[in-house]
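Below, subunit A partners subunit B and then partners subunit C, in two separate complexes.
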Partner chain A sequence: MTKSKAYIGFITPGFILYTVFMIVPLGFAIYYSFFSWSGMGAMDFIGFDNFKRIFFEPRMSGIFRNALGNNFRYMAIAIFVFIPIQVGMAYLIHLKVHGHNFFRLMIFLPYVISPSIVGFFTLLVFDPNIGMLNTLFLTLGWTNLVSAWFGSPDIAFFLLVGVIGWNGLGVGMVIILANMKNIPEDVVEASIIDGATVWQRFWRVELPFLQPSIINVVVLSSIFALTQFDIPFIVGGLNGGIDGKLDFLNLMFFRYTFGDAYFGETALGFGAAISVVVFSIIFMIALVQKLVFNRLFNR
Partner chain B sequence: MKKVLVVFLFALVLVSPLFAAGQKATLEGDKVVLTIWEHTPQFELPLRNTLERFMEKNSDIKVEYEIKTPDNYLSLLTTAIQAGEAPDLFWHHGTATTDMANLTRQGALMDLTNKVDVKAYSQMSRDKVTWEGKLYQTPAATIDTRAAFYNKDLFAKEGWKVPKTFAEFETLLATIKGAGYIPLSLAGRDNWNILFLFEPILAAMHPDWIIEATAGKARIDDPRVIAAMEKMIEWGKKGYYGTLFLGVDEAGQYLSFSRGQAAMTVAGSWTTTTLTNNNPDMKIGAFQIPTRDGRKPIVLTYAAGFSVYSKTKYPDQALRLAKYLATVESQQIWVDGLGAIAGLDGVNSGSELADEIADANLELESFYNILVLGHAEGKSPTKVWEEDNPKLFTGTVTPRNFVKTLDSMMSYPNL
Partner chain C sequence: MYKRRQGFGSWIAVIVLTLYCLIAVVLIGNMIISSFKTKQDLLFNTFGFPAKISLENYRQIFVTDSLYKNFFNSVILTMLSIASLVFISSMSAYGLSRYRFKGRQALEMYFLLGLMFPIQIAILPLFIIMRSLNLTNTFLGMILLYTANMSFSLFIFSQFFKELPDALHESAIIDGASELTIFWKIMMPISKPVIFTVMTVSFVQIWNDFYLPLVFLAKRSLHTLTLAIYQYLANFLAYWNFVFAAATFALIPVIIVFLVFSDQIISGLAAGSIKE
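Presenting the complex of A and B:
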């Protein structure tokens, strides 16, 4: 009896805060999504019309699919490119290669820089006419490398992903590195005694122990990829950059909710519908990932 | 005891952010404190100067201003109004967008009819701030337009002359490019800067279309509009904006001109202070892109001023400020601070550069305003224009399809 009361006392504050700041706003968002509402005055109930516009109205559905596609593309790069890089970097630091402390600091340092600052300096570096990069290339006579950068539809997306990756790689690396420190040393030593190469040791012995941290990083990276906003907003602007290459779901949400971008006025009901759709997508992806990992690792 | 202390500290941590939010002071000693919002940092200087003069004359009132940014100004204002915490006075687009209609529908604006004297202002200026016969906003004496700003020193050095016809302007662009400069710096990523280039091109090529469309007698889906868009795209392909303009933003456009990389730039008249401050040593001139037959068209939009929040705690003081903002004295301070063009008798344009900008003989409505005034119910062609106009340069959207889309969102009761 006393034990259960202690549990209740322990979780109640967190439960209240979570309910007030997460569940209640979510409920309101779902409620608003069924209305046409500018944020002032009367709310007109319109049923599923907002959702129909998102999925079936020709212009809006195209914009939605483009933004969703960008989010998914970023998520794929984050999982299949960034995470292996994070594991590799963490392993090199774990092996204490020359300068490992310096590398650890340099890799993690970009994360402490605010995304607003990262976006601002990205613009300074990559401006085609006055930016540092093109100026350097012109000074060195490498004119074939001069580019419009974020003005080039072919490379703008990958350049943005690179900038976001540079800003956030350190976090996943630190999580994986912390997990590496918990790998039992006797198992590793036994593999060395048995003649395992560095690669064999890593792949067959150490990597399986990193399962918990890699799963966490995959889930966090997925959520991060699906909720991208700040750097794309600063670098690409409100309309999603050149040809919409830098448009993401959260940017689309902001544009149509607050930027009076569709109805000529702010549209909180429509924005709420977009946010409900985004939430549903994130929820489904998180669920699928959980099922996949459970099956793969018999958890 | 320890447990009680821990619980107390925990509660304090939870509650402390509420104190950080704070409440805006509305009284300072005997002075009433009013708050006024402006939507862009470019207007901070004229606003500050105007308010300083007002406070000198009204020692019982203190006015604090807040400068927001254009991209989220409307959402901030809407949220503040909804929360009942709107500033005492605030700027908005007036009838240039749906702002006026929405704000009056929500009862957020004080009726200023017969309270603020606006008789001296032109009808166009008053139309901007009046809704359904009532005055809801102070008018502004500044005329916003677009102009081709040019580097006078470079022109003198190279022997280039201000063009008198559209053909001469095109020849000048080719000549400047041949000399190794960017003829016209352009922010290819910025839908607003593209608009400010397109409108003078349309005015120079087909002022007749603008006159007809203003009277409701021409459609957006018109070969003349398509031709102006194609001309703008053609100049891009010829390299007149530089080869990398698709990656340039607004700041990059102005800096490219100020650093002497570009010989000219087409921009809004409100950027004169920005361009002057970027490079105080540069002698800057301006002209309107001429028509084929040598007329000088000028695309005009009248600026709007400030509305008084209907639920302000200090209506008398807020009204006194609104009255002052509509006076010739206040407007002169504003025009001087902006280096802008004056559109009110008794107010002189802010600079020699403003006079050069205003050197025109054919006043025309802006393309954007035509979209605003003619939009169909529930449709927003201006926002489609804003989203898609950069795609004209990448070819993702063709002029023909673009005007068709815009046209489908318009209403033509006179056709």
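Presenting the complex of A and C:
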């Protein structure tokens, strides 16, 4: 490293842009959350009223708890279902099963498909009238399998989670796969010589080496889970789908902040309060995860 | 490396993975095939091959709906944003990782905060800031946003710059090169592989981005391809034969870029996420 003042020149442009468009807005969100403000005209300072409304007003707190619950449910599925699947897929590719290069490419492929097109595919598969599944079941005569899919409150959420998972699983998988390449070969070979089965080798020898990437995927998936917007919005619409089953915090935020055309009001102060709640939750989850990981792995 | 395992279990795994991958093949294949069907054909023969190949849907989306304008919007916006992002984030990363100064580590942490808080989360104040700067409904505003959202690229560049030997810089100084010349003439050329990684990863992210254009590009003439496809979807029942053609047209460039540069995209995303 060099000692020279030149770094100031290199860093300043990026620093200004990053500060103005990334950091300042975070600060302003906190400031606005204490006001009642439609975005134009007068701003009335109302203290914690926006937050009280989110947490305690009967109707609003119901909407909030439902959306937050969906975010958490999605996060739990991402951590306890998707990550094992991602590890499993990565491991098969790592073991070089037949066609492993093709699988790596194809599992990752959905990630490059834009959310609008993912929404279109969802419609094609699950639409009750023209969708592939119902058409298939009717053709085969399996009429008891015909379903309203996203129109059915019992399964809509899980279908959505499946669609989001299909779209994004590949990212976590390649992160874990890259980590597998760093497992020292001599350790693995020693375990093979000692007669470890594939299962033992995976659980006892290889899995511990994957700790850094799995922790990373847990953290990334959690942030992703708490900031869900695109696919729920495109598939379920602004109101959060049937019975609010597809509602998420960011959707709720968007509805009350920019949804003027639909609800006849823009409540920017209230919207700001929702976003402050969202990033406080992200912050707390990140903190809790860090503490848990430190405790678990004595880091 | 390991012996290739071909036991019974591995065949089951291969079959399961194949079925999983078939989802994408069927969906994309069906979309392309259906894009050549007339509305009548689509109605009665939803999932088969077209009775007669028709280019009517494509004529409609290009000539009547001018979807190529949205395509050019996406191309211009993505290219300029990537150029600006690579330029600014590499400079900042270089300043942060090649110079010694007080508060360097704190500043680096500051720049990486964006990995934890995605730009969407403060969209509202961002909207107010953009509006007061007259940057809503402008490509300039979008380019600035995509550039400001630089934590990931900055991280990738920093990892690379930190590995470079000090001698590179010292010998150039002795030769009388200025700091800017060193960056531009020595550092940038050897960073080509990293630049490329950042470019391909940001291409996928910016090209497909839905949220920022939705909020900041309300004006129809500025809509990106992703937004245009969303508009078709919103009126799905009226236009469903066109959606196939429009989605095919939007997806093909990304698939091509992905197939050609899959190694860079995949290793880039993985590299940016493994921190010690």
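Definition applied: the second predicted complex is superposed on the first by the 276 of 299 C-alpha atoms of A that agree within 3 Å, B and C clash if a C-alpha of one lies under 4 Å from a C-alpha of the other, contacts with A are read in each partner's own complex, and residues count from 1 in each chain.
As a working rule, a residue touches a chain if its C-beta (ideal position, glycine included) is under 8 Å from a C-beta of that chain, and two chains touch if they have at least 3 such contacts.
The shown structure was predicted, so the numbers you read here are calculated from the model rather than taken from an experiment.
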Discussion item. I'd like to know which partner A:G39 touches here: subunit B for first, subunit C for second, both or neither.
Written reply: both
Practice prompt. Compare subunit B and subunit C by how many residues of subunit A each one touches, and report the one with more.
Written response: C
Discussion item. Once chain A of both complexes is superposed, is A:I130 in touch with subunit B (first), subunit C (second), both, or neither?
Written reply: both
Worksheet item: Which holds for A:Y7: it touches subunit B only (first), subunit C only (second), both, or neither?
Response: second
Discussion item. Once chain A of both complexes is superposed, is A:P184 in touch with subunit B (first), subunit C (second), both, or neither?
Written reply: neither
Practice prompt. Would you sort A:L238 into first (subunit B), second (subunit C), both or neither based on which partner it touches?
Written response: first
Item to complete: For A:W149, select first, second, both or neither according to whether it touches subunit B, subunit C, the two together, or no partner.
Response: first
Discussion item. I'd like to know which partner A:N250 touches here: subunit B for first, subunit C for second, both or neither.
Written reply: second
Discussion item. In the overlaid three-chain picture, which partner chain does A:V24 touch, first (subunit B) or second (subunit C), both, or neither?
Written reply: second
Item to complete: Considering only the touch criterion stated at the top, classify A:S116 as touching first (subunit B), second (subunit C), both, or neither.
Response: second
Fill in: Residues of subunit A contacting subunit B in one complex and subunit C in the other
13, 17, 39, 123, 130, 257-258
Practice prompt. State the interface residues of subunit A toward subunit B in the complex, per the touch definition above.
Written response: 13, 17, 38-41, 59, 123, 126-131, 134, 146-153, 236-239, 241-243, 257-266
Discussion item. Which residues of subunit A touch subunit C once you look at their complex with the stated criterion?
Written reply: 1-4, 6-11, 13-15, 17-18, 20-29, 32, 39, 89, 92, 95-99, 102-117, 119-121, 123-125, 130, 132, 135, 166, 171, 174-175, 177-179, 185, 188, 198, 212-213, 216-217, 220, 223, 227, 229-230, 234, 250, 253, 257-258, 268, 271-272, 275, 278-279, 282-283, 286
Discussion item. Residue numbers of subunit B touching subunit A in their complex, please.
Written reply: 10, 14, 71-72, 74-75, 78-79, 81-82, 97-98, 102, 105-106, 108, 182, 185, 188-191, 242-249, 251-252, 255-256, 259, 261, 375, 378-380, 382-384, 386-387, 390-391, 394, 396, 405
Worksheet item: Can you name the residues of subunit C that touch subunit A in the complex?
Response: 1-2, 4-6, 10, 13-14, 17-18, 20-21, 23-25, 27, 30-31, 46-47, 88-89, 91-92, 94-101, 107, 110-111, 113-114, 116-126, 128-129, 144-145, 147-151, 154, 166, 169, 173, 179-180, 183, 204, 207-208, 210-211, 215, 225-227, 229-230, 233, 236, 240, 243, 247, 250-251, 254-255, 257-259, 262, 265-267, 269-271, 273-276
